[in-house]
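Each of the two complexes below includes subunit A, the first together with subunit B, the second together with subunit C.
And now, the complex of A and B:
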């Protein structure tokens, strides 16, 4: 079994403002195999807080959380080895600056596996493998992580988690700050990892085009509540997504607009540009 | 960290919120000086009463201030105990024969264990600590049987010691309360602006009060930000398996480095960004600047200043007489 949330709420407390509840009564189940899930929602909706629960970095204020058979409550339990959970569920943070610290990329990627009692040689091998997996060649191994470009840093930080070989991979906005081509390369990479190894991958993103094209299951957060959990197609068939502070993918928007302006009757639910084009051609020829 | 009230500003509406920061700084300084001039316990108690009345007038919840005193409590208790033990003047009030035998040692260890276990279960840890201390005292004074380990000694409390310890603690209490009132009711920006204006005359001797105030306000502003960043880094490294609670010393060292390096780099990045942002808004060091909110004295400030001067005068008169 993977991760199960039972009525989980989490509140941040501060002296001046009192308690601020970031997520409220979340019920959710994520299986450990073959899932490819998008987590979307407006800024401040609680996506990141939800993600931090998934590898027990923070504990629920109320409710319980089950991660690979360990039950997480609001108190630290001495019997649970939290490090084991973090090995099983890898979480990549949004900004790579928070985790890069070694003088070479190789050493930095090795930091994760080495924390889980793996020999140096094995860790070196893992570092090389995972670096190649994120699309960087061996010449990067000896480079200083702080002299890389933003996109490269991001990939190195993802490689750092991949090297730990987690069963479930959670990524907080892995595509933010990347150019469009870089986004696709990275998304193809995640999809590929998901398909070849069967690892469950959860990705936080704001890009609805990516959500529509790549994901089959989508979770929508709105003001701390989980308001939607289901198939991507079902989400975008909804009439009004502004309630969720979301937008439609570009293909749907363009086709809807064409339908409206030219009085056509096209099927607007096309995932890629090519499919949309084919639909337009079909409609115009008629 | 969030429970520490000292140095925090909490928005509110009361008399002290409406005072000019310069007035508040001067008044706090004057009253502090007066507190140091006081010589007898009666005078100090009146001083404490005055401080409490000031809190009431300012509509500041006394409970909040007491809560904020908690971290300083340890300091207060230590001063109290050291004064009692080390000051040996005046007549003796308490004189207790103390013994140290094998049984004493045994009982002391037992008491310690009971204290540590109860500490985990009970909520009132402070009261428990006092009970433990009292228990130690009782054991030392009444368990006089068994094999002797050390020679019996007498534990004395002297009048001057008791008075002095009480005196020092009350004085500290007043000073901390006053400074808490100052920081509680004044925004950090106002506080630094007040400091800057007050130190302005020192420019004649080459002291750049504006830069000084800027340094203070930037450092104050960045304390919570840096805490936030540190927390994020800790989570990011924890999710890479850096477990800060267990592991060998060598591993721990590495894990600490994994926190420190990103911390420094982020701090440098932040400072560079801030410098760029300030420059792009035309900040030139040393130039004359205008403020959105100019400070001005009102009749309240005059009354408050006069009041604090009166207190100082009263303290001087008491001291001279």
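And now, the complex of A and C:
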């Protein structure tokens, strides 16, 4: 039993705009183990709002949400320990600035683990390990998180959640702002965690290449609705993605171009550059 | 003298390490420059020195013949706009409308004209329905779009985009880029910091920063032929050129290689 949305809607109420329904009638099931899910959709489609439900940071306005067997509704239930849920489902925010508040990187990463029953020494070791995993060396431990570059902040915020070792990881645009090498390192890391520990991981991204290469299951949000929940291959085989405000991965686009320009008949649905290359060679040899 | 000139620029936040080291650059009026580089390579720092927000320890910056110093800083700031990497750093107002107006207010744009421009640019970034919203209540990509509108509305001669489209969906990004292309055709000088190689391909020239130094600064087409510049700098070539490189000089692939290059350089 992982996370289940039953007819969940969420409305933000603000002084200026009144009630704004950001997600509408969401039905969604995410298994506790072995899922690796991409969450995509246009800006403002409701991805971050959906993600914030997954660790009970916000509660449904209507409908119910089940997380590890706890039923969450719009009313606070005194019997539910919401903080326990937040330890089990780790959420990395879209803007790392919202997550960094200690005066050193080390303290920031230690913050989560220190809530568990571990010693300070152990937490320090964990901080170091997590930092290295995201591609930063030990010299960053003593740095002030506010004085880092954008991509460095992002990495530290991710390290903080990794150190907590939650059962499910939800990452809101973890690769935006990362350099291409960093993007690979982190995506490989997430995939590796998923494969070796079986932890379910949900990743929000606008990068269609990553979606195609790394994920089996993809969720598409559109104007607050969950409009697609299925296999990545099926999504990108659609004739037209403009309704979803999406685009095709680069391998598909490049191969389509070659087909059209050179009158070839290649199978354009190749996930990696290596697969695309093999397909080109095959087509030329014919 | 070039339109933008950076000479022997050295900058450090603390005495320990130089974040920018002996940077020399010349940029022409109307050019579109893309800036690539690993995380922490100094791109944002360079951008902030260019708009006078950070003062270098050594070196000189001049823009349109004006040297960046206390006397001309105000003059220079009117010529150059910057969209910050984190849009929250740009927001000061209570509403989206205030925030788009903010830059124009500093330029003393008359009220009537300002109102027109707010609508015009909000429409350009597809945020017309959000003018009364609080910037803090927007989604990530919506914040970026508002930040962009505020800078476009200032109609500066030069605009620096510091990863300004990093949280846009493919479709809105495409729309925005289309509009930026028209501004470029009308003479806007663009400095676009990005991790997206496909976005960088639109530039006339590409600057690669590596550990605070200028690692390469060349015509887009030329630099794309030098794979090692990319691999040395934590960067990747676009898919099309990665494929072109992998297809050896064998004659049977000649046509395909040409098409792959054509695809990469299509603007």
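Simple rule for what comes next: the second predicted complex is superposed on the first by the 280 of 286 C-alpha atoms of A that agree within 3 Å, B and C clash if a C-alpha of one lies under 4 Å from a C-alpha of the other, contacts with A are read in each partner's own complex, and residues count from 1 in each chain.
Heads up, the rule we're going with is that a residue touches a chain if its C-beta (ideal position, glycine included) is under 8 Å from a C-beta of that chain, and two chains touch if they have at least 3 such contacts.
Bear in mind the structure is a predicted one, so any value in this text is a computation, not a measurement.
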Classify the contacts of A:129 with the two partner chains as first (subunit B alone), second (subunit C alone), both, or neither.
-> neither
In this superposition, the partner of subunit A with more touched residues, subunit B or subunit C, is C
Applying the document's definition of touch, where does A:62 land relative to subunit B and subunit C: first, second, both, or neither?
neither
Q. First (subunit B), second (subunit C), both or neither: which does A:111 touch?
A. first
Q: Tell me which partner A:147 touches in the superposition: subunit B (first), subunit C (second), both or neither.
A: second
Quiz item: A:74 contacts which: subunit B (first), subunit C (second), both, neither?
Solution: neither
*For A:99, is the partner it touches subunit B (first), subunit C (second), both, or none of the two (neither)?*
first
Residue overlap on subunit A between the subunit B interface and the subunit C interface 14-16, 97
Contacts from subunit C onto subunit A in the complex sit at residues 13, 37-40, 44, 85-86, 88, 95, 132-134, 137-142, 144-145, 163, 166-174, 195, 197-198, 234-236, 238-240, 242-243, 246-247, 252-253, 255-256, 259-260, 262-263
In the complex, subunit A touches subunit B at residues 13-16, 52, 55, 57-58, 82-83, 86-87, 90-91, 93, 97-102, 111-112, 115-116, 146, 160-161, 164
Listed in rising order, subunit B residues that touch subunit A in their complex are 2-3, 5, 8, 10-11, 229, 232-233, 235-243, 251, 254, 257-258, 260-262, 265-266, 269
Contacts from subunit A onto subunit C in the complex sit at residues 12, 14-17, 40-45, 47-48, 94-95, 97, 147-152, 155, 173, 176-183, 206, 208-209, 242, 245-247, 250-251, 254, 257-258, 261-262, 273, 276-277, 280-281, 284
